[in-house]
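Chain lettering (A, B, C and D) follows the sequence in which the chains are written, and residue indices restart at 1 in each chain.
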Amino acid sequence: MMDCFLLACAVLLCGGAGAALLRAFPAASAGLGAGSAVLGALLGLASAIECLRLNGSYERSFPWDMPFGSLTIGMDGLSAFFCLVIFGLAALTAVYGFGYLRRERGRTGLAWCWFNVLVLGMALVAVARNGLLFLIAWEVMSLSSFFLVAHEAEKPEVRKAAWTYLVATHIGAAFVLAMFVLLGTAAGSLDFEDMASLKGAGREFAALIFALAVIGFGTKAGFFPLHVWLPEAHPAAPSHVSALLSGAMIKTGLYALLRCLSFVGPPEPWWGWLLIGIGIVSGLFGVVSALAQHDLKRLLAYHSVENIGIAALGLGLGLLGWSAGNWTLAALGFAGALLHVLNHAVFKGLLFLCAGSVLHATGTRAIERLGGLSARMPVTAFTFFVGAAAICGLPPLNGFASEFLIYLGAFKGVMLADAGIAVPAAALVAALALIGGLAAACFAKAFGVVFLGEGRSEDAARAREGPLAMRGPMLALAAACVAIGLGAFALMPFLAPAVGIITGTPAELFAQPLAEAGRLLLVIALASAALILATALAALLRARLLRGRAVTRAATWDCGYAAPTARMQYTGSSFAQPLLDLFRPFLRVRTELRPPEGLFPKKASFATHADDAARERIFAPIFAFVDSLFSRLRWVQEGRVHVYVLYIALTLLALLVFAL
Amino acid sequence: MPGDVLWLVIALPAAGSLLCLALPSARAILAATAAGVPAIATASGAVVWQVFAQGPLMTTGRWLHLDALSAYHLAVMMLIFALSSVFARVYFGAEPVPLSRRRARRFGALWYGALAAMALVVLSNNLGIMWVGVEATTLLTAFLICLHVSPVSLEATWKYLIVCSVGVAFAFMGTLLMGSAAAACSLGGTQFLNWTYVHDIAPRLDPKVVKLAFIFLLVGYGTKAGLAPLHSWLPDAHSQAPAPVSALFSGFLLNTALYCIMRFIPIVEMATGNAGWSRGLLVFFGLFSILLAAAFILAQHDLKRLLAYHSVEHLGIIAVGLGLGPLGSFAALFHTLNHSVCKALGFFSAGRVGQIYGTHDMRRITGALKAHALWGAGLFGSILALIGLAPFAIFLSEFLIVKAAAETRAYGTLVIFLAGAGVVFIGALRHAIDMAWGTPAAAPAPRRTSVLEGALVVAPLALLLVLGLWMPRPFQDMLSSAARILGGAAQ
Amino acid sequence: MRIESAVHFAAALVLAPLLLGIINRTKALAAGRAGQPLLQPYFDIIKLLRKGAVYSRTTTWVFRLGPAAGLAAVTLALAFVPFGGAPALLAFSGDFLLVVYLLAAARFATVVAALDTGSSFEGMGASREVQFSALAEPALLLGIIAVARAAPGAASLSACLGAVDGRAWAASGPALALAAAAWLIVFLAENARIPVDDPATHLELTMIHEVMVLDHGGPDLAYILYGAALKMWVLGALLAAVLVPVRTGAWAVDCAAAAAGMILLAVLVGAIESSMARLRLVRVPQLLIAASALSVLALILLMR
Amino acid sequence: MHGMTDGIMAALLVLNLALLGTSRLAFCITLVAAQGVLTGLLPLVSSSGVTLRTLFLAAAVIALKGVVFPRLLSNAIRGADVRREVEPYVGWGLSLLLGLGLLGISFWLGAKLPLPAAAPEAALVVPGAICTILIGLLVIVSRKKAVTQVAGYLVLENGIAAFGLAVVPDVPLLIELGILLDVFVAVFVMAIMIYRISQEFDHIDADRLSALKG
């Protein structure tokens, strides 16, 4: 079992190195890189599934000469669940990437190397059982994804995105480092095994660790306002990498947060409140910002913020339940969050792959230049539709299953007498409902403007479906959306051990509530099946009714106007504008308006740009402040040797006065 | 005594220096340094090995002494010298104007001379001789800065001379004060300036005098080591010297001075009752250096000045580590090696990239990876390693320093350290990305790269990578035994 | 599953369009006209079902999917909605979430179908539809939670609405009234009634729901009209169940009370439409946010 | 010998003040040379007295500081063709006042610093040495000509030598010689630098060497 995992690591490592070394032979390099990624991911997937199936917990140590380090890796319910997400998505995106990068084979050798290393790094993060090993894996993951983000580094905006990404991830890593160092110092070793013995060590200490973990891992996960790198990095990366980053890599932040909770629990209520607060803000901010975007991949990136917010809502609920000893609540919250992690990986992976296909076919990510792709790219359009419906949480797809668990937990929380749980739970319900509605609005816009109507540019009119290597993974993920939507109840038994690992209590405590939730999900699955069936019936009935009658095709009815053009279609910006007006205070939308003038107006224009509010309002001022603070130090090096000698004398004097 | 072999470590470079004066052509001189210094380094490696295998060496008359701490520094020094010597040949070979014989002679003689002087500092058991060695390094390297005479290089040399001479003069006062404290406890004889002797009687020294002495030593050697705010000469000298010389300055000249401070730490601590007084000072200067360097890195446009401020930062990090107990000392020593290797590579690459672009202005160096894949990669890799990205070894040593801070409950230090390192990261990365990936101003013709050049880039990066992922047990033991000396152990 | 539940379900399927007829009749009476027949909505649907169809050349499968999926989702939602105190055909813990999301799915299908035509009018309608429904959803869900907390039962619609009886009103009347008020607003907004939307307008620029279905015709339009009627029944039944707390246990009595409640609701809507003007579009979000505020207030009252 | 030491120290201090008050570079060099000779004489009158070792040392110091250095520096200013220090950062009068202040500080420091118990005959040596060191620094910091800075460095060096004599009477000869060699090389190198600077810039104003900053 662990052997299988180790073999996967070896395949990834060798394949990555091989791809880099063979980069002079593009075909061989791409084949080797993609092949090893797929093979390694499948091997890893096998080990993760095996672990989940047997509900086992395995650990393996190897000799490693490293101060405080021990090369201990382990696979348990929680690790295996995240490995499932990582490897599953990695295998599909690798296949897709093989098709996607085919046009630029000359320089993909290194990209495949970093891809393999990224998968390896993520997997190691999920199985590391030592703080130092974890940190190194964490950094390797960040570094390799940094290089992947910078794949098209000749573009200035890509370089800026890569910088933003690495800076954010490094600042996060600093908090993680501090957290592990403090944990390790308190536990006497950096092994997770010893850290787990810290449970209940002291309120202040636990709170400090929790705060550091939320900031450090929240940066990777994309909690507001630490998400700023996300909308930059995801559009910049090649699409299969965007899918992997958004679907799997940001989830390692949640995994690590959960793992750390298992060291310092049981939580206090405010931990739950904090995460629910973060979840509400992230979710709303993410979806509203997404509405304002004109760039398809940027829009999807903001939806990652939204979905991480939803997962945070689940975690917060779970923490509240845990702190109150209400295991039903804990089970529903944590399991909902975990299931949402899986679901988000599936549908966001799918959506990014679809966006990649659009980019591949048209060369643009600008929503307003697209349109009518549904006719020219049916597979992409259909799979995007499935993904869009799933991300909005609509039955019968998978998004509904995880949101249902979180809703149900919140509903049970609202019914409790304890206002400390009921009030945040009610806020959660309200926020989740609003997020759901806004997400539907956003994806109606994205799907409608990109795929429906008429093409708005030459690029859109020329689009063609990509190769099979690209369509296959998209179809597979779309199938997974439906399969998980219908079969989520079957996953419940695998979530109970994972939740048990987070709280450090026997999994049996959670098995019962989750089994109950599973029964509900089964009913929902039946209802969903009924929905599909009913839709089919309605369509059949219509076909039956129309048989033999006149069914004609004509131009779209434009209320009497005779010469409609594609440019007269409703644009994405117009579509989103009423909602954006509502949330304007929370956004930073710049508008450039050149109104029509004169009796015979010639050119007029209107453009909006949605900058990231957190970036502009929080980080830009902080950076400017730090810069001005440090710039005050810069007169020190003013050029004259006299002054420099004076420094020596003054330093000496100061030391004689103060230190002696 | 078997330890007399130590004289050779000084004598061989001195001989090399004379040899260079006699050689007929620039080519021959460069070849002699590129071959001779690695040979001397290999021989010294054998001596170092001897120390770690069988214990410290001492010459007759107790003049020279090689224990774990000095052996470790000697090893690092020889490594940096060997790399830089090989690189010097590559670098001067690629200069638009070849080195004249006169210049080459000056270079070779001073280069070997600097090697001898630094070896003297590291090997010397006598604190006075150690000072003489440090001052000698200043004087010998001064003309290396202005090997290519230009207004700015002269300016840099002048500042280097004045600032370092004045600073190091204070170190001499400190040495004298330390000697007087030792003399007061001694029964006569001339042993009272010997480190081994002072170390033995350290607990009996007058703590007040020792503290006074240490303040002078810290300011004096700190000037040479580039601790802020005494670092003022450093960016000028590093930016104006030819790349191999900059590499040497940053790679070991600074560490030579810091090594001298290290020598005094256990003495001061034992004399002042192990209260951590001297360590606290080091932490203070270290943190200040990190923050000040960060301020300049944020707004830097000159590549070599950027690297120079990184030296200020990293020497600060080492100083912080020295101040944080046994683990901190261990980490600081590890960081010494990592920084030296990485910074040497950084200056190598900066030098070669600078030659290709004809400027060190980072706003004009864009797309180095395209302009010259090898040295572009060296530059990018070294900066990424310098700012502390895992899996390179600098990440590991910085991690250990943070760990040491937590273990000694120096939480304020921990926070400032991480914040400063973060600011440096942000500032340096911005430059690094555009330099590596930007659009090249012009497409330079592809140049053939020799295997030697490849090795100069790959070897340091590989070393940093390996040490970042795997610290062999013997190497850890080596660092531990050196760190024990910093903690007050006799050998 | 009781036989009564099946009867309810069947009755709802048959009677849903009647609500529209009652509303129209009420409006006509208030305006002093004779008005159209009570069964006019049935005639419309049957007429449309008999027709052929014209599809825009721009449209794809999305356009065909819309009406079918919309009708299927609403029908399914109806199966979870109790009638008065009697339980629904289907019920499970948390089924209200499914109902809300089925309605959302129906809306999503309609909206993308509208966008499929490429018409700017339909795009405009779709934009307004998603905007208002996004704001209505929290009000609806919070209202359900408030009712569930006021009348604690199991977490299904049937159970918690079944528990809203006189005692529940006596214990937490204000909260229930607030929730009902919120639902009324949601009911008006979701069913495209005045003051949110004017189903009788003739200017496309001011329409919401109607303008989205401009390009639909024949059986598709019939599906849409019927689906809209069912949706009105779904939301109306919720409202009626809260407003008419007759839970005697005798099926006939409860059922009659609920039916009376539905009729009264229809008349009430007719009265509102006769007495109010349509709000300006930019005012509508405020109304919907006010609905959410009412729900929140209800919850606050209950959580004290 | 008590009086001799005091006398030499007093002379040193007077020379210090004179140095602060003068603007002529040649005179500066002479003053520093005189100071060097006096420091060279100090070991002879200290506690160890006239021995072969002290004689040898004194001869070496006097030869270097009294003869070689002035020659080197004179050559340098002749090459650069400058005679006067004009417009120093700190004017002559203020320099003298500062010098007096520093003198006071030196006596205060000499009493305050935890120096090892000095021999009674060296009572004036420590404060005198500190004062010389401080004045050397003052000269480096406040004067603009490179050559004056070297003079300042030499004054500093003289002060340290005197200081060393007071706190550590018998440093091994080898070390003393090493130090002398260093100082010699330092001045030699600085003189060459001054020459080069004058060649390159046509001036030897250290304050105008400020192109490198930031």
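Details
Quick note on the criterion: a residue touches a chain if its C-beta (ideal position, glycine included) is under 8 Å from a C-beta of that chain, and two chains touch if they have at least 3 such contacts.
On a predicted model such as this, the values are computed, not experimentally measured, just so you know.
Counting C-beta pairs in contact, the pair that comes out ahead of the other among B-D and A-D is B-D.
Centre-to-centre separation of chain B and chain C, using mean CA positions: 78 Å.
The mean-CA centres of chain C and chain D are about 99 angstrom from one another, to the nearest whole unit.
Work out the mean CA point of chain B and of chain D, and you get 31 Å between them. If you average the CA atoms of chain A and of chain D, the two centres end up 69 Å from each other. Under the contact definition stated at the top, the residues of chain A that touch 2 or more other chains are 634, 637, 641, 643, 645, 656, 660. Those residues of chain B in touch with two or more other chains are numbered 158-159, 162, 166, 208, 211-212, 235, 296, 299.
A list of each chain pair in contact follows: A-B, A-C, A-D, B-D. On the chain A side of its complex with chain C, the touching residues are 371-372, 374-375, 378, 381-382, 385, 389, 392-395, 400, 403-404, 407-408, 411-412, 414-415, 419, 422-423, 426, 429-431, 433-434, 436-438, 440-441, 443-445, 447-449, 451-454, 520, 523-524, 527, 530-531, 534-539, 541-542, 545-546, 549-559, 564, 566, 568-570, 574-579, 581-582.
In the complex of the two chains, the chain B residues touching chain D come out as 126, 128-129, 131-132, 135-136, 138-139, 142-143, 146, 149-152, 154-159, 161-162, 165-166, 169, 172-173, 176-177, 179-181, 183-184, 190, 193, 206, 208-209, 211-212, 235-236, 239-240, 296, 299-300, 305. Residues 89, 109, 113-114, 137, 140-142, 144, 149, 206-207, 209-214 of chain D are the ones touching chain A in the complex. Within the complex formed with chain A, the chain B residues making contact are 158-159, 162-163, 166-167, 170, 208, 211-212, 215-216, 218-219, 223, 229-230, 232-233, 235, 277, 281, 291-292, 294-296, 298-299, 330, 367, 384, 389-391, 395-396, 399-400, 402-403, 405-407, 414-415, 418, 421-423, 425-426, 429-430, 433-434, 436-439, 468-473, 476. Within the complex formed with chain B, the residues of chain A that make contact are 64-68, 132, 135-136, 138-140, 143, 150, 153-154, 156, 159, 162-163, 166-167, 170-171, 174, 177-178, 181-182, 184-185, 623, 626-627, 630-631, 633-634, 636-637, 641, 643-645, 647-648, 651-652, 655-656, 659-660.
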